[in-house]
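The structures considered in this document are given below.
Presented sequentially are two complexes of chain A, the first with chain B as partner and the second with chain C.
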Partner chain A sequence: MSIEIKNINKGFGSFSALNNVSLDVPTGELVALLGPSGCGKTTLLRIIAGLETPDSGNIHFHGKDATERAVREREVGFVFQHYALFRHMTVFENVAFGLRVRPKHTRPNDAEIKRRVHELLNLVQLDWLADRYPPQLSGGQRQRIALARALAVEPKVLLLDEPFGALDAKVRKELRRWLRRLHDELHITSVFVTHDQEEALEVADTIVVMNQGKIEQIGSPQQVYDQPATPFVYQFLGNVNQFNGHATNGEIQINNTELKINAPELTQNSPVLAYVRNSDIEVYKESQHTTSTINARIQHIHAVGSLVKLELQLSHQSDVIEAELTQVRFKELALSQGDNVFIVPRNIRVFPSTATQ
Partner chain B sequence: MSATITQYRKYHSKVGRSRATSESTLVRYSLIGITLAFLGLFLLLPLLAVFTEALRKGFETYFSALIEPDALSAIQLTLTATAISLPLNLVFGVAAAWAIAKFEFKGKSFLITLIDLPFAVSPVIAGLIYVLIFGAQGWVGGWMSDHDFKVIFAIPGIVLATIFVTFPFVARELIPLMQAQGKEEEEAAMVLGANGWQMFWHVTLPNIKWGLLYGVILCNARAMGEFGAVSVVSGHIRGLTNTLPLHVEILYNEYNYAAAFAVASILALLALLTLALKTYVEWQSAKNAAGIEKEIMEREIKE
Partner chain C sequence: MAQKNSLPGFNLSLGYALLYLSLIVLIPLSAVFIKTFSLSWAEFVEAATAPRVMASYKLTFGASFIAALINVVFGVLTAWVLTRYQFFGKKIIDAFVDFPFALPTAVAGIALSAIYAKNGWVGSLLEPLGITVAYTPLGVIVALTFIGLPFVVRTVQPVLEDLGAEVEEAAASLGANRWQVFYKVIFPAIWPAVITGFALAFARAIGEYGSVIFIAGNMPMVSEITPLIIITKLEQYDYAGATAVAAVMLVISFILLFAINGFQWWNNRRFGYVK
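Presenting the complex of A and B:
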């Protein structure tokens, strides 16, 4: 089932949580709502579920207006950050709950409920825990039970609110791969909320980057990472350096160095912000004749891991920038702390200085 | 999981035993001693006195004081007043606690203050308010006597006074509990298709049952033992508007000590029963709360 969100506004008191948000979620897709805390992503998810009412705007499920539809009639599955399992019920009863509360004429009989619940528990690979109570389970197990419970009512849409937020790093990684596999098996339209960019990039088909109640960019993980639409997306996804510069005739001046940029719209004389990914900063020991370089001094070297991270102090700016080199390149250059180097930024993206907010 | 539990136990046993965080033996024992002496003097001794005085003239006098018609009617009236006010308080308490814990609305803190009002107001004043409203000279008293309906110096007044003094008990017990539990489980139930009643019956009620029972027990004890407010509205008509505590007072004022203490011993027994029930419920809910606490602690460890 597809979801169309049209011009949703929502405020809490004087705080505007969602500001004219529109979004289409096609059938069968796994969409991530990504953003810092307080950006409105959870509010949007709760509005889709019907747990909050928008101040204005509409939600359509499969083309039909569902804005006024009650939560229990929306046929959504919802997974909470802190699981929200019924603590006085066994795992089995938790999963069976959605079937047992159905009106008599649509309620399956006991044997059918039993079959369905065990099928779901097998799907989440926890059938052996059927008689336990939630407090007896680990966080990862609880979240998988919560997912089985949400799936038991055969929802048309699955909504997950920071599903792995309360879990430790290792379990989180395991579970998100598992969620991806599960989605590939079931193809149920899913929306999940996260503030973890790595999680969104790894799991989602489409990422919706949100900030301050607005959508900044919608795109595939590749698109939002490689072609960020706004400075915010640039800073939120991946490691990036920001330069203050000045644009004239398709060139920008950073640190008294003229650099060619690919931004024909910025030909007039104006202050700009330039963004360069850490891995797009090339470091040389000697000045390059073919291209213009910026002088810098190595302030610190982190050589742990597959990439070497350099902290570089630009000679005319107080800002420190970061560069990433491969171990091979690092050894080739034989760099050490305090060395003066020449850097060449590649793939510079330029935004007018006023677009920072 | 089991590792977390072991850690949790270790942490707690450590806190319990560490000398660094506990007082010296002398301080501990003198504090315990003072408390015990105080309790003995002011609670245990009077309790013993009630039973010795009641039985001073033998079992026969004791029982005859209890089955005397006025005593029986006092017992009956007390039970009636309690039986009416308890369910009303139960419904009101759950509704108020639900509204306060699960919704945001204007005037919420004002509502909480109102619920606490009977704790702050002297019961005698509460009784007087009802006399002022429903009494013969009161606001609606004239109209009521025209229609031959009596509130003051009759059973309705006693019930009203009892409801007034007992109404914070259930709500006060449930509000912090429901606030701590949040509304995620209820939301989960709703999303899974439960209607309001199913959600309350299958999710909310099992989560609050021990707190609810605790509130009801306290409410019951207060309803049966209330003196001040009831005394003002009752009119002390023997066999008609006397509750147990009022009956005790009348007997005592008539120098009928053995009978007064015999009736008082029923109230004392009731208090002991309440205490036992209360301890059991506390123990049960502590078991429940330990579960919740452990969950919260695990959550905190991870964050």
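Presenting the complex of A and C:
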């Protein structure tokens, strides 16, 4: 079932949590709402679920207005960050809950409930825990039970609020791959909230980057990573360097160096912000004749891991930037701390410098 | 217990706890029993089961039980309102709940009887309906409800806070209606705390004296509570008779509290709480 969100506004007191947000979630997609804490992503998810009422705007489920529909009539499965399992019920009863509370005429009989619950417990690979109580399970197990419980009511939409946020790093990684596989099997329209970019990039079909109650960009993981639409998305996703410069005549000037870029929309002599990914910074020991270079000095070298990270001090500005080299390239250059180097930024993306605020 | 523990001073602190308990609780209570032994068995039975005394047991335990039940219903409701909603003056209402703890019970008793007397604010409204509160067993229940309220609220409140709104939201998203959310999710979770609150309110009511005697009227066989009988006997220098009644009360209270605690222990085990 598709979800259409139209012009949603929501405030808490004087704080505006969502500011005219519109979003379409196509049927069967796995969408991540990504953003820093306080950006409104959880509020948006709760509005979709019906746990929160928008001040204005509409939610449509499959073309039908669901804005006024109560939570229990929306047919959504909701998974909470802290599981929210019923701890006085066994795992089996937790999963069976949604079936048992149905009105008599639609409630399945006991044998059918038993079959369905065990089917779901097998799906989350925890059938052997059916008789345990939630406090006896690990965090990862609890979250899988919470998911099975949400799926028991055959929801049209699955909503997950920071589902792996309370788990440790290893379990989190395991579970998000598992969630992806599960989604590929079930194809249920799903929206999950996360502040973890890695999680969103790895799991989602579509990422919605949010900031301060607004949507900054909607796109595939590749799109939001490779072509960030705003300075915020640049800074939020991946490692990036920010240069302060000036636009002049289709060129920008950074650190007394003219760099040719193709940005005709920039006005003459205006302050700009240029963004370059750490991995797009090339480092040379000699000045390059074919292209303009920026002078810098190596301040620090982190050589642990598959990539070598350099901290570089620009010669005419106080800015420190970071560059990533492969181990091979690093050895080839034979760099050491304090060396003067020449850097060439590739894939520069320039924004007028007012765009950050 | 001989093994090393990261928390030092087990022997010292246990010794102190036992000494303290003995001085404050166990020795005075055992004195009750020792004094009772100055009576012969026949005298004891006569003192402890006289019709007037039997009527007072019935009133004390009956009224305390009903008062504790009333407190369970309204105490849970109060705790619910205080944990789930934000409203103007919430802090003040929260503080009001403790009033029965802090107020001298005699003051409460005088205030209650003034209000519920036939010419009092509330009493004058109930009078035309044929309901008399002051100087009847009903008055006893009102006084005992008053002093027991904070026990239920204060035991249930933290559990409700701990339970969080999320489980309710989870239940609602799974299709449960409000009533189902309450009796299938909230109530089982707060049940042990409710029982504890009930037991505390009940125990407090059984021993209550100050607030009751003003509103009860203290008519023998009708509205006379057991603590008053004990006081009366003491005033007549019938120490042994007073302790006989006291010993019976003590034993019944002990059995009741023991039963409630046992029930709770069973309940916790059944739900597999890992503490």
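Side notes on the structure shown:
One rule holds for everything that comes next: the second predicted complex is superposed on the first by the 356 of 357 C-alpha atoms of A that agree within 3 Å, B and C clash if a C-alpha of one lies under 4 Å from a C-alpha of the other, contacts with A are read in each partner's own complex, and residues count from 1 in each chain.
Just so we're on the same page, a residue touches a chain if its C-beta (ideal position, glycine included) is under 8 Å from a C-beta of that chain, and two chains touch if they have at least 3 such contacts.
What you see is a predicted model, and the numbers here were worked out from it, not measured in a lab.
For the composite obtained by overlaying on chain A, chain B and chain C cannot both be accommodated without a clash. Look at A:346: by the touch rule set out above, it reaches neither chain B nor chain C. Shared-chain residue A:331: touches no atom of chain B or chain C. After overlaying the two complexes on the shared chain, residue contacts for A:187 are found with neither chain B nor chain C. Look at A:149: by the touch rule set out above, it reaches both chain B and chain C. By the touch criterion defined above, A:132 lies against chain C but remains apart from chain B after alignment on the C-alpha atoms of chain A. Contact with both chain B and chain C is seen for A:101 once the two complexes are overlaid on the shared chain. Overlaid on A, the two complexes show chain B and chain C touching the same residues of chain A, namely 49-51, 71-72, 74, 76-78, 80, 82, 84-88, 97-98, 101-102, 135-136, 146, 149-150, 152-153.
Contact residues on chain C toward chain A in their complex (touch as defined above): 164, 166-167, 169-177, 180, 184-185, 188-189, 191, 271-274.
Chain A contributes residues 49-51, 70-72, 74, 76-78, 80, 82, 84-90, 97-98, 101-102, 132-133, 135-136, 146, 149-150, 152-153 to its touches with chain C in the complex.
The touching residues of chain B, counted against chain A in their complex, run 1, 4, 184-185, 187-195, 198, 202-203, 206-207, 291-292, 294-295, 298-299, 302-303.
Listing the residues of chain A that touch chain B in their complex gives 49-51, 71-72, 74, 76-78, 80, 82, 84-88, 97-98, 101-102, 135-139, 141, 146, 149-150, 152-153, 166-168.
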